[in-house]
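Just below sit the structures, each encoded as structure tokens.
Common to both upcoming complexes is subunit A, partnered first by subunit B, then by subunit C.
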Partner chain A sequence: MLARPLAVAVAIGAGIWFRNRYRHLVINVAVGGFAAAFVFYIASSVYAADFFDFDFLVEPYGSPDRSSIFPGLNVEAGDPRWQAILKGAGNTLSVVVFAIAVSTFLGLLIGVARLTPNPLLSRVAKLYVELFRNLPLLLIMFFFAFAMFRELPQIQDRAGLNGVLFVSNRGMAVPWVEAGNGLWPLWLIALAIGIVAGVIVRSRRMKQENDTGQSTHPNAWGGATFAAVAAVSYFALLLPVRITLPEVVQAASGFYSYAGGNVLKLGYVSALIALSLYFSAFIAEIVRGSIQAISRGQSEAAAALGLSAYQQLTLIILPQALRIMIPALNNEYQNANKDSTLAHAIAYGEIVLISNRIVNNEGSLLQTYFFIFVVFVLTNLVISFIMNTINRNVQVK
Partner chain B sequence: MSAVTAPYSPVAQRIEWAQANLFNSKLNSLVSVVTIAVGLLIAFLVAKFVLFDANWALVSLNRRLFFVGGYPGEEVYRIWIAVFAAAVLASVSYGIWVGRMRPYVITVGIIAVIVLTFGLGTNLYIEETPFTQEITSGGQTSTISGIDRELVWEQGWAPRWLYAFSLGLALPFGGTWLIMAALLALLVLGALFGKHVLSRWKSSPVLLQSVGAAWVLLVPAAVLLQIGVSINSWGSAFLDILIFAVGGFFSFFIGLVLALGRISPYRAVRFVSVGYIEVVRAAPLLVWLLFATFLKDELGPLGEAFSSISLVYRVMIVFAFFGGAYIAEVIRGGLQAIPRGQYEASNALALSSLQKYVFIILPQAIKAVIPAIIGRFIALWKDTALLAAISLINTLEQAKKILAGQTDIADGAFFEIYIVVGLIYWSVSYILSRLGGAAEKRLGVGERR
Partner chain C sequence: MKVRMLLVISVLAVALTAVVACGDDGESERVMELEAEVASLQSQISTLEGRQAAEDTLSVVLDRGNLICGVKADTPGFGVFNADGTVDGNDADYCRAVAAAVFGDSSKVEFKEATSANRFELLAAKEIDVLIRTTTWTASRDADLNVAFAPTTFYDGAGIMVKADADLSSVSELGGATICILDGTSTQGAVSDYFTEQGLTYEELTFQQNPELRAAFISGQCDAWSSDKSQLGGHQFTLQTDDGISAVVLPETLSKEPLGPSVRDYDSEWEDLVRWVVNGMIIAEEQGVTSGNVSQMAANPPNNTVARLLGVGFDGGAPSNLGIGHGKIKGTFMQDVIAQVGNYGEAYEATLERVGLTRAGSPNASYLDGGLIYAPPMR
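So, the complex of A and B:
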């Protein structure tokens, strides 16, 4: 007797189900409800775990960490924890920015070398790419930090270029800039103005060159403008910065140390070298792929116009390859940013290392890791923004 | 004038080639000379290090630790079974689809010769002699006892580096010469069988599907073989490979589901998939791994349940879900590359949604992105090195432990150890990348332009 109403119910249910609108409603409500429940669960347990209790952030950090390359970013024992985390983020950035610069430069060279007509050079470039692309980044870091740099001389051997650069198992001492007087922030502003002025002059000259066909040396003019602004403001501000050279000094107790300049710690140097080598291999592949995607006719036409091989590359091929390259480079730079966290395994005080000490002392896992998450989201957004801006400017309009 | 032409000779041909390619202009000649000089210098330094300066004793002594870590000796047959199964599958697949036997047999033959001749009659071990010593100081005599450790080479005629190399190849899992010879023979026989017997049915989908299914089943089979062995004894390269295999296996399916979720007609499903993919990809893998390591009771009962399982399983879960987010993006690329006509045609044939994706869309989409998926697997394999940063003893961490523990035997063999670890990681990713390259060529993926 129950069969008939059941069949009717099933039929009505199927009718509702197969009518698209209702099916969408049911599935959206079910999946959305499940997701909302999950988010609510996470939020409530996060709330129960005192996520919004940020008191621990103002307590002192406790142990110093002096592995930064910028003396101002060294974490001191008395720093409040929020400041230590920010300094850790600064340390991450200070290795990522240089690693991106070096690996892009190396990657360009090697990517171009892979496409030279000389089979020897292109094979050597391929060997380089295959070597570093297939090794784990952490292994390269360990190799430099734990194998290569163990072999470095002791500080009292004064190895390196005397007066300019010292290398020892305590780090690399290099010349550095320090404030000459209190006016140095003004000089930085003047440098920024110089860059803007240089760019304006360069684009003016470039426009003139394009309009008239006469060579106007836009790069030289732009560079000279910047140099002039920098030099004039440097003397006008009464020498705001000066360069200090490193030296090895012996204290009365017989203890050797570096004085002057700046000491790049081995953790930083290993991380920088490893990131640069590893990512240069990937960037070389991106460069090669982008150049190969440019039609052969472009370089043939450039050769027919009488451009030298160097001019063909810099004026015709690379500007076009750049359009293809930039989205892939954007991805690779974000990877470099994220992979810089591996440096915490070789005792470089980047954000994860600094934060882990807070977690160990305080147990504030959720809050601290949330900060790390936010830092990586923000830095990747900045990288993305910069690359997208460049991308907009190089696309054909 | 040129009445008499020189007879054809390979040497003359090579010289001609060099003149045409290496020395055809001043600049090119300079580049060639500098490259040759630098290359020779590096080759000389490497050869000098490998042949004369390096101390391979630590590598030889610890060859077992490198591959299986602290795995119990009497249980190693479980790993050998998996290795043999993988070797059969690999050689048969090679025979069927590549089939170039000469370079293959020559490579295996060289390895066999090295393994079976150089290694024999040579032995390397640590001799431990207990000693007691009397020390007299300040009128009092005390005895100190300890163990003297000394390295003993019972050397055959082969040089030490070759010996270390052959042992490294031959006895990675503590196997015997017999096992190694059987494995090598199997590699050749499997390839011959594949080439001369099975390749007749190369075009039949049954063969492809059965070999593919065997490959897919290899991972769960190898894991099931481990039932009964304590997780704590998993280590070194074995742990790396296991985590890579399990993580990669599940990440593919997670990625597939997420990719389909991203193009789902249901808004909520799309939203959840996109949110998951973006959140997971925003943070570095190391941060997720550390989070999984540190997590205790912060995330309520779910977090507690997660933290109660063993760290190795937690890492596998992180690898699967992290890799899945990346593979989803790769598969999405493949799905986007499918022309609209394919969807429309399957709709016109009145296929259901499930039929449409299983029979029409996914086979084409996945085929198009196989090289990219292999690229993600290479990244996942290299990421297993990160276990060293969360106190799991993988190959990299094992190397550190070996170096820390045996300073008395081989002082400062740091380069040697890291070179061997590098070779282990490098060779797996290189093989995978060659596989990706071959897939790209065979499927004609990159040839549209």
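So, the complex of A and C:
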């Protein structure tokens, strides 16, 4: 009895469904409806959470965090919370930038090493890649922060190069620069001018070399120009910065601490090493893949021209491989940026750790996490922008 | 094929209904207003109901035949679930004391682990009758969480522990030290405030979990360990027993953390009972009534205070009725409490003193000895 009307209904439904116009309408309305409902839901919970109440940002942070490598980025207890969050973002950047630099350098070496005919070198490189690519990043961080560095000497042992460098399980004390007088910003500007002047001189000499075929030593000339500007301005500005050396001092309490120089805290060092090792393994694979994508004819032609293996690599293979590498590297750099947040587990004062303490003391979770969201979207967009610019410049035009 | 099509059609139909329901703005706004009104009325009704009828924990406990008590499971001295199923600790002893007052039998307790995350939910959901789990009495908990606090059984506060060979006797000598602290705790703020006020410098080293912090303290990554003193006492104990490291907790207390039992709001009969069991144990200590001499004291009370505490008459007179429990429990309930659990000092001695939380000279000494432990009169 029921079967007939049901069959008719199904037939009508199917008739509607199989006509593109109706089907697209139904799908569009459904998807749009879901999207609208989702946005409404988010907006109402944001509204319910007093999202626009930002008064908590001007209250003091409450406790210090001195895990930064740049003394200016250490959070003090009296800092307003917004400033603490900014310093946390600075701490994130100060580990990410160096981690990207180190992992790219390492990744390039290891990626090339994997393709060398030397079986020992290529297998060691493969082992490295397989090891660090397959370990969780957090585990690598824990290994350094909690297992390796804890066994370093005690601070009172004064291990290291006395007067220049100390190593202990509290961190590494290294020489640092500090302001010698109020003119140091001018000196930074002078250094920037020096770099520009050096680059100009170098490109002039380069052009001359290309035009005449005579060797003109462009790198040496560029470097010398920069050094001259830096040295002259350094003395002209009455020694604007000076170097401070670290020392181990004993307080009246009998406890030891570092003074002078700067202390690279274990949280920072562990995070930097772990990020560098982990991402260098991925970058090595990208480098290897990109090199293998270059036709064999290229290196054979280079060899036929009499170029050495090193010249083949640096002049012929790598510049072409770079075009293939860059989009993939962009991904890895953005991942490194985001994964640096894991360092909160080893007490490095990056943005998540700093923000979580605010959430613990005050609540305001949505607002605080909103800043984390903004910081990572912005920094990743900047990374993308830089990589895309490089990408455009290296493409065949 | 047909079945899959039907499935797709029905999903779309549901989606469309949802869209249509969201679509009509004016209508849905009115509906939402009405719904909000109904919800607020409902919550008012349930609050009123909660105030009047529902909260009679004492009767519930009596009917059930045992007391369900929320305690800590892993803190030496306060609450430890042993492998053999027994439960030790000062908090657990107060659970037993309440059971002794209600049933005359301190063994009629079911212990339930309460974590810092779920403790107030357990209490609100009536899964436990009383929460005795190193819970700090604060204004926001008292007011916002619908929790009522019985008298403080332990005056805690952030403290600092150093290794014994550092040879220090005061926090004021700690300038320049590196201090290990658990991240995200109120201790961070307490230490920062204290050192700033004292004009002392320090370095902070934070950890997410205690085992890593402990290893850092042992290896000398930090000179001092800061946490609530009650916690430090337990750690000091295990450092000595497990690693042979002797440490001292410095006498200064950097912040206020009064810990005590708590019950649900709007149940004053039950609240009064828990409160006066604790007060009674404090008074018993002041008057020298112990588990050893309580029966003798009850037979022949030395003064009116002891007579009223134990619910007996003084000098041939009739016993005075204090009204605790409104006749649902015996007037002599404190006799059972003291006989089976002991007075405040005995309970402290048996649990907290054993894990190194020295009572003498601390805020937890009786007010007679210059401490803070003081009970209002029982009369």
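Odds and ends about this structure:
Note that in this section the second predicted complex is superposed on the first by the 360 of 397 C-alpha atoms of A that agree within 3 Å, B and C clash if a C-alpha of one lies under 4 Å from a C-alpha of the other, contacts with A are read in each partner's own complex, and residues count from 1 in each chain.
What we mean here is this: a residue touches a chain if its C-beta (ideal position, glycine included) is under 8 Å from a C-beta of that chain, and two chains touch if they have at least 3 such contacts.
Remember, it's a predicted structure, so these values are computed and weren't measured experimentally.
By the touch criterion stated above, A:L139 is placed in contact with subunit B alone, subunit C being left untouched.
Look at A:F54: by the touch rule set out above, it reaches neither subunit B nor subunit C. Which of subunit B and subunit C touches more residues of subunit A is settled by the count: it is B. Once the two complexes are overlaid on the shared chain, A:A35 sits against subunit B while remaining clear of subunit C. Of the two partner chains, subunit B is the only one that A:L342 touches; subunit C does not reach it. Of the two partner chains placed by superposition, subunit B and subunit C are both touched by A:R150. Contact with neither subunit B nor subunit C is seen for A:F385 once the two complexes are overlaid on the shared chain. Using the contact criterion defined above for the overlaid structures, shared-chain residue A:Y22 touches neither subunit B nor subunit C, since it reaches no partner.
Looking at the shared chain after the overlay, A:G254 reaches subunit C, while subunit B stays out of its contact range.
In the superposition on chain A, A:N356 makes contact with both subunit B and subunit C.
Overlap of the subunit B and subunit C contact sets on subunit A: residues 29-30, 32, 146, 150, 345, 356. Of all residues in subunit B, those touching subunit A in their complex are 21-22, 28, 31-32, 35-36, 39, 265-269, 271-272, 275, 282-287, 290-291, 294-300, 302-303, 378, 382-386, 388-389, 396, 399-400, 403, 412, 414-415, 417-418, 421-422, 425-426, 429-430, 433, 449. Those residues of subunit A lying in contact with subunit B across their complex are 24, 27-32, 35, 41-42, 44-46, 48-49, 116-121, 124, 130-131, 133-139, 142-143, 146-147, 150, 293, 338-339, 341-342, 344-345, 352, 356, 359, 365-366, 369, 372-373, 376-377, 380. Subunit A meets subunit C in the complex at residues 10, 13-14, 17, 26, 29-30, 32-34, 36-37, 40, 62-66, 77, 146, 150-151, 154-155, 169-170, 249, 251-257, 266, 345, 347, 353, 356-357, 360-361.
Note for the complex: subunit C touches subunit A at residues 2, 5-6, 8-9, 12, 15-16, 18-19, 22, 166-168, 173-178, 183-184, 186, 188-189, 191-193, 196, 203-208, 212, 215-216, 219-221, 223.
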